[in-house]
Amino acid sequence: MPPLLFYLLALITLGFGFMVVTGRNPVSCALSLAACFVGLAALFLSLDAYFIGVIQILVYAGAVMVLFLFIIMLLDIKAEEGKKLSFAPIISGVLIAVLLVLQIITVVSSSAIAKKSSTDTPLALTEAAGKIGRAAALPTITNDLKEGTLPDAKLIGFTLFDQYGFHLQVVGLLLLVGTIGVVVLSKRERSSAP
Amino acid sequence: MSVFTIEAGLALLGLVLLLVEAFKPDISRRTLGLTAIAGTAFALVLLPFCGAPLPSFMQPWHQLDTLALFYKGFAIVITLLVLWLTLECAPYLTRFTVDGKLAEMFSLPLIVCSGMMWMASARDLVTVFVALELVTVSFYVLVAFARKSAFSLEAGVKYLILGALSTGILVYGIAWIYGATGTMSFEGIGKALANPATSKSTALFGAALILCGLGFKVAAAPFHMWVPDVYQGAPTPVTAFLSVGSKAAGFVVLTRALEAFLATGSIISTEVQAFLLVIGSLTVLLGSLPAMFQTSVKRLLAYSSISHAGYLLLALACSETARFELSSGGIVAFYLATYLPMTVLGFLGLGLMRANGLGEDIKDFTGLAKRNPTLALFMTISFASLAGLPLTAGFIGKLFVFLGLADHGYWGALSCAVIAAAAGFYYYFKTILAMYTTEGVETTALTLSTASKAVAGVLVLIILILGVYPKPLQKVLTASPAVVSAK
Amino acid sequence: MSVLEIIIALPLLAALAVWLGAPARAASLGATFVNLALVLYASVQYAAKPAGLAFTNARVVLENPAISFAVGADGVSLTLALLTSLVMLAAVWQIEDRPNIFYISSLLIGGGAMGAFLTTDVFFIYAFHELALIPTFLMIALHGRADAAQRKAVAWKATIYLGAGSLVLLAGLAWVVLEFSGGSKLTFDLEALRNQAQLTPLPVAKQAQIFFVLLLGFGTLVSLFPFHSWAAPAYATAPTPVAMLHSGVLKKFGLYGLIRIALPLLPQGAQVEWVQNALLLMLLGNILVMGLVTIHANRLDDTLANSSVMHMGYIFLGLAAGTEIALKGAVLLMFAHGVSIALLFGLCGRMRNQLGTLEYNKLGGLATHAPAFTVLFAFGAFASIGLPGLANFAGEVMVFAGSFTEFKAGELSNLHWTVILALWGVVMSAVYMLRAYRNIFHGSANTGLFMTDPVFSQRLPFILLAATLLVTGCCPWLLLNLMKSAL
Amino acid sequence: MITLGHYLVVSGMLFALGLAGVIARRNIIIVYMCLEMMLSAANLALVGFSRFHLVNSLPDYTAQSLVFFTITVAAAEVAVGLAIIVALFRTKQSVDVESVTKLQG
Amino acid sequence: MHASIILLLPFFSALLILLGHRQLKGASVLISLGSSIISFIACLFFLAADDDNRLLLPFIEVGTFNAGIDALIDKQSRGMMFIVSFVGMLVHIFSLGYMKDDEAKPRFFGSLSLFMFSMTGIVLAGNLFMMFIFWELVGLSSYLLIGHWYQKASAAEACKKAFLTNRIGDFGFMIGILLLFGANGGNVNLIDLETAFTSGPLRPDAPGYSAGFTTAAALCIFLGAVGKSAQFPLHVWLPDAMEGPTPVSALIHAATMVAAGVYMLVRVSFLVTASPLAAEIIAGIGCGTALLAALMATQQNDIKRVLAYSTLSQLGYMVMAVGAVAMAAQHGHQGAHAADPGHPAMFHLYTHAFFKAMLFLGSGAVIYACHHEQDIWKMGGLRKHMPVTFWTFAIGTAALMGVPFLSGFWSKEAVLGAAYDSGCKVLFLAGAATAALTAFYMTRLLIVAFFGKPRTDSAHHATEAPMVMILPLAILSIFSVLSGYDVLAAPLQAMKPPHVEGHQTVLFASLAALILGAGAAIYLYRGKDKDPISIKLFANKFYFDEIYTVIVRVCQDGLAWIVTALERVFVDGIVARLPAAIIARLGAATRMLQGGHLQGYTFLLGGGVIAVVYLVVFVLPRLGH
C-alpha cells in the first residue's frame, strides 16, 4: 500500500466526514456521508477486506444512504439556514472530539500492535492453505489459496456459516424486528370511523 | 431437552403471534396476551428440565452454567410479568397506540426474552453484540410504541440516539479489546490479559470503552442520564421491562466481561476494579440525590433504578469475596432477584393507578391507603424493600454489598452507599407517607382485579420470604461449583 | 419452638389480624396481656435458675454468611422484654376511640422491640429494630400533634436521623461481623462472635475504632448528644402510644445493643482513653446541655421529650463506667426510665386530649379536679427525678456507685468528675420536673381549663405502670436477681 | 510505511468526528448520520486489527464477521430510527433535538 | 423486730392512706394516728434494745455494692428514735384538732405517716446509702406537707423551693457518699467506715492518706446536712416552709427532719474529726447561721417565722457544736467524751426538739384561735384568753432562751462549752451573742403576742384551744422543763455530755446573754403597739431571697436560654441541618444534569467516556497498586 494512496483515502474519508458534521444542508450531508463511506470502503480494500469493502458500499453507501435521502426528501427538511448557531454544543463537541483523538493517539503510540505494518505481517496464502483446517471440506478455498489469491468472500462465508450460523439467524430476527418496528411506528392510523 | 429449544421457541411464538395478528386482525388482544403469557409460563415450567448439554457446535459461544440458567429464568419471569402488566394496562395503553392495537406489545417481549436468554449464555463478544442489539432494537420499538403520546415518542427518540451512541462506543471498545487480545471469546480475553506481553494501555482503552458501553445499558453514572427521561416516557410495562429485564441482561454481560477482565493475573484488574468502585459510588449518589426532589413516582423509580445499579456495580467491584459463599456475580444475581419483585410491584402499582385514571405523581398516591388498603400495603412493602429495610428482600441484597465493601476496606465507596441509602429513606418514605395521608382527599375506592391481587400478593410474599429466608435462593445460585469462575 | 418465638410473634400476628379485620381493641389487648403473662412466666422461670442464655432456639436462614433466626434470653433481655410487654400493654390499653392504625402500629413497634431484645443474631437484632421504624414514622407524620406541615417535618427529621444512624450502625455491625467471624465463614451469630472475640481479641486500637463507630450508630438511636435533636420534637409530636413505646422501649434498643454487642465483643475498646473521654463528653452534653434545655422548655410535652433525652446520659454513664454494678444499674435504669417516661407520656397525651394545650402558663390547679391523675403523674415525675422508692433511683445510684468502684482516695479520674457533674443533672431534673408539676397541678385552677380523672378502667394502664415503678423501686433486687448471671 | 497505527488513528479521528457531530448537531437526522459514521469508524478499527492479527497466516475472519453483523445491525437500527424520527416529525413538525425536552428533571 | 415495726408500720399506713383515702374516708386519720401510737410504744421497747447492726430488708446487692435497708441500733439512734416517735405522736394528736376542718385531711395524715416512715429510716440507717434513700424521702414528705395547701401560690412555691434547695444539699451528700464508697472499697456501713477512719486504711497516718480527700468527703457530706438542716447558704427554704400546716412545722421543720442533718453529722463525726479544715468550716458555717438567723428573727412579725428563724439559729448552734467538738478533739480535748460519747449537738437537738415543737404547736394553737392570723402585731393580750397556751408557750420560750434549770439551759451550756473547748474564741463569742439575741427575740415575741391588749378583733375573740391540742402542749412543756436532767436524759439516751456544769466562763456568759437579751426586749417592747425599731436588713433577711432569685434567673434561666439557643443553632445546625442542606444542595445540583436536552445528554455521555478513559488508561495505572 503506497502511503500516498492511504493518505488520499484517509483524506477523502475524513474530509467528507467533516462535511457531514459541518454541512448545513441535510441532502449534502447525506451525500457527503456516502462519499465518506466510499473512502472508507477503499480503506477496507486496502486492508485486504474486499468483501467488507463491497458490503460497505452496497449496504451503507447504497441502501442506507438512499434511506436517509428518501426520508429527508419525504419530510422535506429544510436546511438549518434560518436557525442561529448555538455555540455551546459546537464548542463542547469539538473539545470532546479533540480530547478523544489525543487519547487515541496516545494509546496508539504506546501500543506495540500498532507498529505492525503489512510488511511484517504479510499474508502467506500458500502457507495458509496447508494450515487451514478441514481442508478436504473446503476444496475451493484451499485451491484459491494455493493459487495465491485471497478468497475473501469465501472465507467470510465459511466463517459466518460455520461459526456464526446462529448469529446470522439472530440478525435475521433483528431485521424482522426492525421491519415490524418500522411498520408499527410509521403506519398511518386508520380513520377513526369503523 | 436443550435450553435452546425454549429460547428459539419463545422467539418463534413471538413470530407466530405477529402472523396471527396480521392475518386475523380482529383477534382480541386478550387472547393474544394470554397466549403469550401461557407460552412464557410454559417455558418457565420447562426450564428446570432443560439441563441437557448443548450440541457441540454451540459450545464455543453458548454456555450453560448456573448463572446463565438463573438469568434465563429471570428473563422468563420478568417477561411473564411484563406481559401480564401489559394486559392489565391495556385499556389505558391503547389510547396511545395506533388503531388501539397492542399485538406487538405481546410479541416483541417474547423476542426480547429470547435475546436476553442468549445474552445470559454468551461466551464471546460477537454473541453478546448480536443478542444485545436484538434486545436494544426491540426496545427502541417498545419505548416509542405508544407513539400518540408525546412522552413516549420523546423517550423513544432519546433512547434511540443515546442507545445508538452507546452501541457505537461498545463496538469501538470491542474492536480495541480484540486488537489487544486477538480474540473475541471471554475465556480467550481472560487468558490473553493474564499474559504480561499484552499491551496494557490498548487493553485498558478497550476495556474502558466496553465498560462505558455496558455501563450505559445498566444505567451507570455518568451514562445514566437517559434513564429518568426514558423510564418516565415509556409505557409503564416497558419501563418495568427496561428497568428489570434490560438491566439484568446488562449485568449478566457485565459479569461475564468482568470475569475476563478480572481473571487471575489479569494485567488490568486493579484499574478495572478501581473504576468499578468509582463508577459505582458515583452511580449510587447520582441516583439517590436527585431522586429526593422527584414528584413523579415513575421518575422516582427510574432514579431508584440508577441507584440500585450503583449498588450492583459496587458488588461487582468486590471480587474475590472469599468469605462469602457467593461470588460477586452471584451477589449481583441475588440482588437482581430481590430487585425484580419490588420494582415490578412498584410499576404494577403505577400501572394500576393509570388504569384507574389517576396520574403518576406522588400526590396522586395520596390517600391510597383509604382507597385500597391492600394495594397500599403491597406498595408499602415494595417501597420499604427498595429502601432496604430489614426483613424485606431489599435489605439482604444491600447487606451483601455493604459486607463486601467493608470486607475489602472500601470505606469511601461504603460511605457513598450509606449516604445514598440514607437519602433513599427519604424518597421512598415520602411516597409511603403520601399513601397513608388522608387529609383533603376524595376517597373513591380503587378497584383491583383478583388476578392483580394474586400476582401482587405473590410478589409481596417473595419479597418477605427472601427477606427472612434467603437460603433457598442462595442455594440455587451456588448449586453448581462451576459457577462463574473464569479460571 | 421456644416460648420467646411466641412472645415475638404474638404482637406481630395480632397486628396482622387487626389489619385483616379482627376487632382491634380486643385482639390487641388480648395479645399484649398474653404476652405479658408469657414474659413474666419466662422471667420467673429464668430467675429460678439464672445461667447464660435460656430458651434458645435457632432456625438457619442463610448458611454463609451464617444468619439464623436465633432466639435466646438472659437476665438483661428478659428485663427489657418485661419492659416492652408492660409498656406495650399500657400503650394499647390507653388508646381510646382511635383508628385501628393506632393499635396496629403500637403492636408493630412493640413486636419489633421485642424481637430486637430477644433474638441473638445480629442480623435480626438489627432487623427487628428497623421494622419498628416505619410505623413510628407514619404515626408521627399522620397522627402527630401539630399541623400537617410541622408534624411531617418532625417525622422526616426523626426518620432520616434514625435511618442514617442505623446505617452507620449497619456499617459498624458489618465491621464487627467481618472482624469477629474468624475462619473462612462470616457469621452473624452473637454467641459465635463472642467466642471468637474471647479467643482472639483484637488489638486495642482497633477495638476502640469499632466501638466508636458502634457508639455513633447506636448512640444516634438513643439520642446521644450531639445526635439527639430528632428526639425531642419527635416525642413531643408523636401520638401518645407511639411516644410511650418509642421513648419508653424502642429507644432502649441502642443501649441494649451497646451492652449486648459492643461491650462484650470489644471489652477494651470502651476503656481506651479517647473513646471514653469522647463518650463522657457526649453524655455530659446529654445531661447538662439537655438539662438546661429542658429547664427552658415551657410546655409539658417539650419538657418530657427533652428530659427523656437527658436521662439517656445516665445510662450512657453506666456504660462508660463499664463495671458490673454500673452496667446492671444501667439496665435497671433503662427499665425504670422506660416505665416512667411511658407513664408520663401516656398521661401527657391524655391531658392534651382533654385540655388542648400543655403550655405551663395556661395551666394550673389540676390537682383539685383530677386528684387520681395527679397522683399518677407524681409517680412518673418523682420517679424520673430519681426519688428513692421509685424505680429510677436504684438504677441511678448503681450507675454512680459503679463508676466509683475504681476510685482511690485523692485521685479523681475523668469518669469521676463526670459523675459529679452528672449528679448536678439530678438537681436540674428536679428543677424542671417540679416546675412542671407546680405549674400544672399546683396553684389555683383559675384559667377555665379543667380536666377530670379518667374512669377507673382507663386509669388501670397507668396504675399498672405506676405500680411497676413502686415495686421495682422498693425491691430492685427482683430485677437484679434476674440479671444475676448476666454481664 | 503505513502501519496499523495509521489506520487506528484514522478510525479514531472518524469516531471522534462522529461524536462531535452527535454532540454539536441539532438536526436529528444528521445526528443519526454521525452515529453511523461512528459505527463505521469502529468497523475500520476492527478490520484493521483483523488484518494484522493473522490466524493461519490469514486475516482473522471472526472480526470481519463482527463487522458484517455490525453493518447489518446498523441497517436495522437506521430503519427503526428513521421510523421513529418520521413519527416524531409527524407530531412535532420538526426534527430538531430541541423539540424533545419535555421530559426533564 | 421493733426496728421493723417502727419502720414499716408508718410505711404501710402511708401507702394505704395515700392510695386509698377515697375509699377509707375518715378511717385514714385513725390508721395514721394508730400507727404513730403503736410506733411510739414500740419505740419505748426499742430504748431497751441491744446495740446491733442488722439487715431489715434487701435492696440492692450486686458485687461489692451492698445497699440494704439495715438498722444500726446504738445510743444515738435509740435516743433520736424516741424524739421522732414521741414528737411525732404528739403532733398526730395535735393535728386531730388543728386539721379538723380540712378537706384534705386524709392526704395530710398520709403524708405525715410517710414522713414518720422516712424519718425512722434516717434514724435507723446503718449505711450511708440507706441514709440517703430516706434522706430523700423525708424531702418528699416535707414537700407534700409544705404543699398541703397547694392551691395557695405561696405554698406551691415554698414546697418546690424546699425540695430543690434540699436537692442541692443532696447533690453534695451523694458525692460524699460516693467518695467514701470508692475509697472504702464499696463499704459505706457506718460502723465499718468509722473503723476505716479511726484505725483502717483511711486513718490519717495510713499510707496513701489524702488530706484533701478527707476534707472533700467531709465537706460533701456536710453539704447534705447544710441542705437538710437549712444552714447558710441553703437556709432560705426553711422560713418559707412555714407555709405548711403548723403541726408540720412543729414536727418536721423544728423538731425532727431539720435536725436530721445534725444527726447525720454526729453519725459521721469520725469523718469530721479526721479533717481539721472541715471541722473548722463546719463550725464556722454553723456559727454564722446561728448568728445571722438570730439577727433576722429579731425583725420578723409572723409568729411562725420568728420561730422558724429561731429554729435556723438553733440548728446553727448544733452544727457549730459538731464542728467545735471535732476541733476540740483534734486539739486533744476529748477527756470526758472518750468514755461516754455524749455529744452536745445531740443533746441540744434533744432538748430543742421538745421545746421547739411545743412552741410551734403553741403558735399553732394561737393561730387556730386567732382564725389563722399569724402577725404578732395583730395579736396581743392572749395571755388572758388562752392561759394554758400562754403558760406552755412561756415555758418553751424560757427553755429556748436558756433560763437556768430548764432543759434549754443545760444543752446551750453544753454547746457553748464545746465552743469554748474548741479553742476558737470567735465561736464562743458568736455563740454567746446568739444566745443574747435569742433571749431578745423570744422575749419580744412573748411580750407582743401575749401581753398588752388585743390589737384586733380576732385576738380579742380568741379562745383556748380544744383538749386534743392542749394535751400535747402540756406534755411537751413537762419535757421542756425536765428533759435536761439525767432522770429523763439518761433513760432516753439523750447523749447528754457529762461535763455540762464544768465551765464557769460559759455559765457566766450564758447568764449574761440571757439577762442582756431579755432585758433589752422587755425595755423596748413593753406596751408597744408597733415595732419601735426597724432594721431593713434584718427584716428582709439580708436580702438572701432576692440575691438567690437573681442568681437563679441569671445562672439557671439565663443559662438555660443561652444553651437552648446554642443547642438549636449549633448542635442541631451542624449535626443535622447542615448535612441535610448539603445533601439537598447536591441533589438539586445533580438534578441539573438532567436538563432534558438531548445535546446535553450526548455531551455528558461523550464527556463521560473521555473521563473514564482518562481515569482508567492514564490515571489509575500511574497510581500503582
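Order as written gives the chain letters A, B, C, D and E; numbering starts at 1 within each chain.
One rule holds for everything that comes next: a contact is a pair of C-beta atoms (placed from the backbone, for glycine too) under 8 Å apart; a residue touches a chain by one contact, two chains touch by 3 or more.
Remember, it's a predicted structure, so these values are computed and weren't measured experimentally.
Under the contact definition, chain B and chain C share the contacting chains E. Number of steps on the shortest path from chain A to chain C, with steps defined by chain touch: 2. Counting C-beta pairs in contact, the chain pair with the highest total is A-D. When each chain is reduced to the mean of its CA atoms, the one lying nearest the mean of all protein CA atoms is C.
With centres defined as mean CA coordinates, chain D is found 26 Å away from chain B. Here the spacing of chain A and chain E, counted between their Cα centres, is 102 Å.
If you average the Cα atoms of chain B and of chain E, the two centres end up 76 Å apart.
With centres taken as mean Cα positions, chain D sits 8 Å from chain A.
For chain A, residues touching at least two other chains, in rising order: 89, 92-93, 96, 100, 103-104, 106-107, 111, 113-114, 163-164, 167, 171, 174, 177-178, 181, 185. Listed for chain B are residues 126, 130, 133, 137, 140-141, 144, 147, 156-158, 161, 165, 169, 179, 201, 205, 228-229, 290, 293, each touching two or more other chains.
Touching of two or more other chains is recorded for residues 591, 594, 596, 598-599, 602-603, 606-607, 609, 613, 617 of chain E.
Chains that are in contact with each other form these pairs: A-B, A-D, A-E, B-C, B-D, B-E, C-E, D-E. On the chain B side of its complex with chain A, the touching residues are 11, 15, 18, 57-58, 60-62, 98-99, 104, 107-108, 111, 114-115, 118, 126-127, 130-131, 133-134, 137-138, 140-141, 144-145, 147, 156, 179-180, 199, 201-202, 205. Listing the residues of chain B that touch chain E in their complex gives 157-158, 161-162, 165-166, 169, 200-201, 204-205, 207-209, 211-212, 216, 221-223, 225-226, 228-229, 270-272, 274-275, 278-279, 285-286, 289-293, 419, 423. Against chain E, in their complex, chain D makes its touches with residues 19, 22-24, 26, 31, 97-98, 100-105. Within the complex formed with chain C, the residues of chain E that make contact are 18-19, 58-65, 67, 129, 132-134, 136-137, 140, 147, 150-151, 153, 155-157, 159-160, 163-164, 167-168, 170-171, 174-175, 178-179, 181-183, 186, 202, 208-210, 212-214, 556-557, 559-561, 563-564, 567-568, 571-572, 574-576, 580. In the complex of the two chains, the chain A residues touching chain D come out as 1, 3, 6, 10, 13-14, 17-18, 20-21, 23, 26, 29-30, 33, 36-37, 40, 43-44, 47-49, 51-52, 55-56, 59-60, 63-64, 67-68, 71-72, 74-75, 77, 80, 83, 86, 89-90, 92-94, 96-98, 100-101, 104-105, 108-109, 111, 113-119, 121, 123-125, 127-128, 131-132, 150, 155-156, 158-160, 163-164, 167, 171, 174-175, 177-179, 181-182, 185-186.
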